[in-house]
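Have a look at the structure that comes next, please.
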Amino acid sequence: MKAITLRKSAIAAGTAAILALVSACSSGSTSSSAAPAASAGISADTAGTVRVLMEGVPDTDIVKGLLAEFNKKYPKITVNIESIVYDQIRDKIVASFQAPTPTYDMAIIDNPWMGDFAKAGFLKPLDDYIKNTPNYDYQDFSAPLRAIGEVDGKTYGVPFYNYGLGLIYRTDLFKTAGLTEPTTLAELATAAKKLTTPTRAGIAMQPQRGYKAFEEWGNYLDAAGGSIYGSDGKVHLNTPEAKLALNTYIQMYKTSAPKNSLNWAFDEALRAVSSDKAAMMVSYNWMLPTLNKQGGPAGALAGKFKLATMPGGKQILGLWDWAIPANSKVSDAAWAFISWLTSKEGEAARVSAGGAPVRTSVLTDPAVASTGGGADYFATVGKILGNAEPLCHGSSCDEMINAVGTELNAAIAGQKSVDAALLAAETQANKIQTQ
Amino acid sequence: MSTLVAPRPQGTRRPNTWGFGGSLLLGVACLVVFLPFLWVLLGSFKTGSQLNDPTLITFHPNLANWRDVIDSGILQAAGRSALVGIITVSISVVIGSMGAYSISRYKTGGSATRFGILAAQVLPPAVLVFPFLDMAFRLRINDTLAVVVIAHLSFVMPVVTWFLIGFFDAAPKEIEEQAMVDGLSRFAAFRKVVLPQVAPGIGASAIFGFVLSWNDLFYALILAPGNAATLPVRIAGFNTFRGVELGSMCAAILVSIVPVLIASFFIQRRLVRGISGGAVKF
Amino acid sequence: MSFRLRMMAPLLALFVGSVGYPLLYAFYLSLTSYRITHRWDTHLVGLRQYNDVLHNSDYWSALKVTGTFVFLAVTLELCIGLMIALALQRQKRIRDFTRSFLLTPMFVTPIAVGLMFRFLLNQQLGALPAVLGHLGITYDFFGSGNALYSIILIDTWQWTPFMVLLLLAGLESLPRQPFEAARVDGASAFYTFRRITVPMLAPVLVVAVLIRSLDAMKVFEYVYAITRGGPGTETQTIQYFTYQTGIQFYRLGNASAMSYLLLAIVLTIVVFLFRRIERSRRS
């Protein structure tokens, strides 16, 4: 009798335990495609391992540094960050998106990829998650940044860090030459020419064929008063502004850029500026704190750099978004991390540690302004983010950017006339995006 | 094979000018081979700012790059490359030698097989890689070394087989015919008599095949980019167009070169003897 | 099953699995509109991809770049390789060391070689431009008009040892008698070379050139590591172009058609050459 009773109670206890375990599990990470758990955000009880692939850049290190803080709120979620070089990211995540079991449960998406990935069904729409997260304040993200993650009326990504471009220049050299921040493209050209000496170029340029050429020249187009897309949503490069921009660019390349720099990209320009071989460059806005850092790459030149918007105030924007793959099995846990990191508090922590901002409130937060680049820098970043356009939106952006960049490089190299190159760029861009 | 090469009688001398020119050429060649290695060696010990000065030769060496590289798991990647290479070559040699014997002795399939094998070498990997990726997903072996081996077989096996056909062609038939007359089965004759004869050739083909597999970047990059990264993939990881770790890259390159340098000392004699054994007759 | 078929069977099976299947699948892909980002939208389009490729001027330009590359690189490697092989054959002292040392470049993984030269020849950081600068020469190795030749030089650095290997092996397996006879008859070194060495070495030369050319056609790592096809499309080789179209731009159906066209072209050339060689051997 006793044995049977014991057995029965053991079974009862076992069943209760199993039921408890099952309910605990199902309330956490395994509900992926259903609506998020509670309208009070993701429960702090959520468990899961979230694997994400990121680029080996300073912002990634900052995120890694914030993981301990994240685990205080969500102790059961483990975030595994793998960091590699840019070139290998896309192919790896595309492979993961299509695999029966994903290699990555969360992803960062570069803005040119967003259109293709969203339309291919690789990513999960985040609108419900955003709606159900309290105090998230999605509208606080800078408007051009939000637009990048929104495809066909749904939101597939929330901003991570921006790489908007701007003009970085040497304040001491400007002072000696009696120059002020250029407000027109012509003034920029004059300034560059004036700063060119036999041992130092006026401006380090990055005309490398493909992405780099387009990324840099796009700023010149904006400075000339033009824009890449017209109001009809098509690429318009065969315009007088574009021709002016390209002619000015080529002129500056010939007279004020370092010799033999036709193939230059980010590396080379940075090296030139940090070793006093160039006085200015158009580059990512967050290069400024790096250049001004004592003991950083600029050596003795640290502190002598300033960031300005492009002449005219409009420039090119780049952005990395957080996204959740459609085949992710731990979406709730992934969103827990994303919403925590991109919340106002998370953002403030990240930017204070040196990250590139995406929220307008953070830019005016006095606590943040005292860190990193200083209030001046953040004010300029605010201006940059307020009036910027990405190189491409829609589908097949990689191919479109490459096609335009190839034509631009051909014109800069003198292989094609400006008119022919711009016309070819426009035709190809539109053909690629509508295929 | 060595019977064809009679030893040169003592006392014969070549004209001196040719000898001198030859030595000069070899000296220059050695220098051209050596200098890039030297540059990389120096670079691996330099810090970031020292690297900005290309002609800096005497400086206090810094081990930070080496530590970074070893921490990054490059030795494991090299191990994986070696494993893939050995497996690929072993399969290729075993199966390829059997097939090559059949093609050489029995003209199986005629000239279509020889061309067919060549055709496999022409197709760019960019096209073959997607079927492999698709197959890997279905068999759930994506991002493992298994799928890399299968992909490597697609270009190692034809080359190995092709070389072996040449070696078998050069091996005289009489010996195995004699063995069969003596009572050995055909397969036994193949195994015990023909293979030892062609052994140097097999060695040479194996080395070629291994090198082909060891060097492959393309398939490994796409089929096993993550946990199963091979050495070339790892090295490519140091190359970025948005910021380069030049010093670490130099150290990584050296890690991939040093074992190769050591191995080639042992290999070259065998390689030359093996190939001269008849493969290169067509 | 007969002995010879049983010996062939494993090879055939493996061939079908690791070569045949991907080949056929890729051919099927070339007849579709397959794009990685639009998988659900794939349908057969017959020969439309082939038509696109034939009318794509970038494709023909890539073929031209590749053809130039292969021709110049292989010729250079053959000439230098032959000279080195001859010198190595005559060498009496420290043979083993020189031979091993000279063969090392071919064993280094090509991506490492590409990266090595990317920075060795870099305007700002490289030793060679710095040395040339001291001599008053500024030469942009990867600038317009130069990039392809720089890549050819890198290929030569890496693969001449391969030629040396094959040619040296060939030379060492040549019979001694004709050379002895020529020496006794008082023939000059050049005459010996032209009339005896080269003809006897001809089969080896053919094999070496063939293998190296087929390999050179697939050049990818140097472009990937250094120029990414630029400046303009000067170093856009066919392998890189196919990779870019199929993987970077997701248009795998199109890329498959490109490769099959390439296969057709190359096979035609190879078959044509083989027939010529057979005919000349018979004569």
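First chain written, first letter: the chains are A, B and C, and each begins at residue 1.
The rule we apply is simple: contacts are C-beta pairs under 8 Å (C-beta built on N, C-alpha and C of every residue); 3 or more make two chains touch, one makes a residue touch a chain.
All of these numbers come straight from a predicted model, not from anything done at the bench.
Participant: In terms of C-beta pairs in contact, which of B-C and A-C ranks higher?
Facilitator: Between A-C and B-C, contacts are more numerous in B-C.
Participant: What's the chain with its C-alpha centre farthest out from chain B?
Facilitator: If we average the C-alpha coordinates per chain, A ends up farthest from chain B.
Participant: Taking each chain's centre as the mean of its CA atoms, how far is chain A from chain C in angstrom?
Facilitator: That pair's centroid distance is 39 Å.
Participant: Taking each chain's centre as the mean position of its Cα atoms, how many Å separate chain B from chain C?
Facilitator: Measuring from centre to centre gives 15 Å for this pair.
Participant: Return the residues of chain A touching two or more other chains; collapse runs of consecutive numbers into ranges.
Facilitator: In chain A, 91, 98, 208, 271 touch at least two other chains.
Participant: Which positions in chain C are in touch with at least two other chains?
Facilitator: Within chain C, residues 124-125, 228, 247 contact more than one other chain.
Participant: Enumerate the residues of chain B that touch no fewer than two other chains.
Facilitator: In chain B, the residues touching two or more other chains are 52, 222, 236, 238-239, 241.
Participant: For chain A, which residues are in contact with chain C within the complex?
Facilitator: 91, 94, 98, 116-117, 119-122, 208-210, 259-263, 268, 271-272, 395-396, 398-399, 402, 406, 409-410, 413-415
Participant: Mind pulling up the chain B residues that touch chain A in the complex?
Facilitator: By the definition above, chain B touches chain A via 48-49, 52, 133, 137, 140, 142-143, 221-222, 225-226, 236-244.
Participant: Would you mind writing out the residues of chain C in touch with chain A in their complex?
Facilitator: It comes out as residues 36-40, 123-125, 138, 140, 142-144, 147, 227-233, 244, 247-251.
Participant: Looking at the complex, which residues from chain C come into contact with chain B?
Facilitator: Interface residues on the chain C side: 3-5, 7-8, 10-12, 14-15, 17-19, 21-23, 25-26, 29, 83-84, 86-88, 90-91, 96-112, 115-120, 124-127, 129-131, 157, 165-166, 168-170, 172-177, 183, 189, 203-204, 206-208, 214-215, 217-218, 220-221, 224-225, 228, 238-239, 242-243, 246-247, 252, 255-256, 258-260, 262-263, 266-267, 270-271.
Participant: Please output the residues of chain A touching chain B within their complex, sorted ascending.
Facilitator: Per the stated touch rule, the residues are 56-57, 82, 84-88, 91-92, 95, 98-101, 103, 208, 212, 265-267, 270-271, 275, 297, 299.
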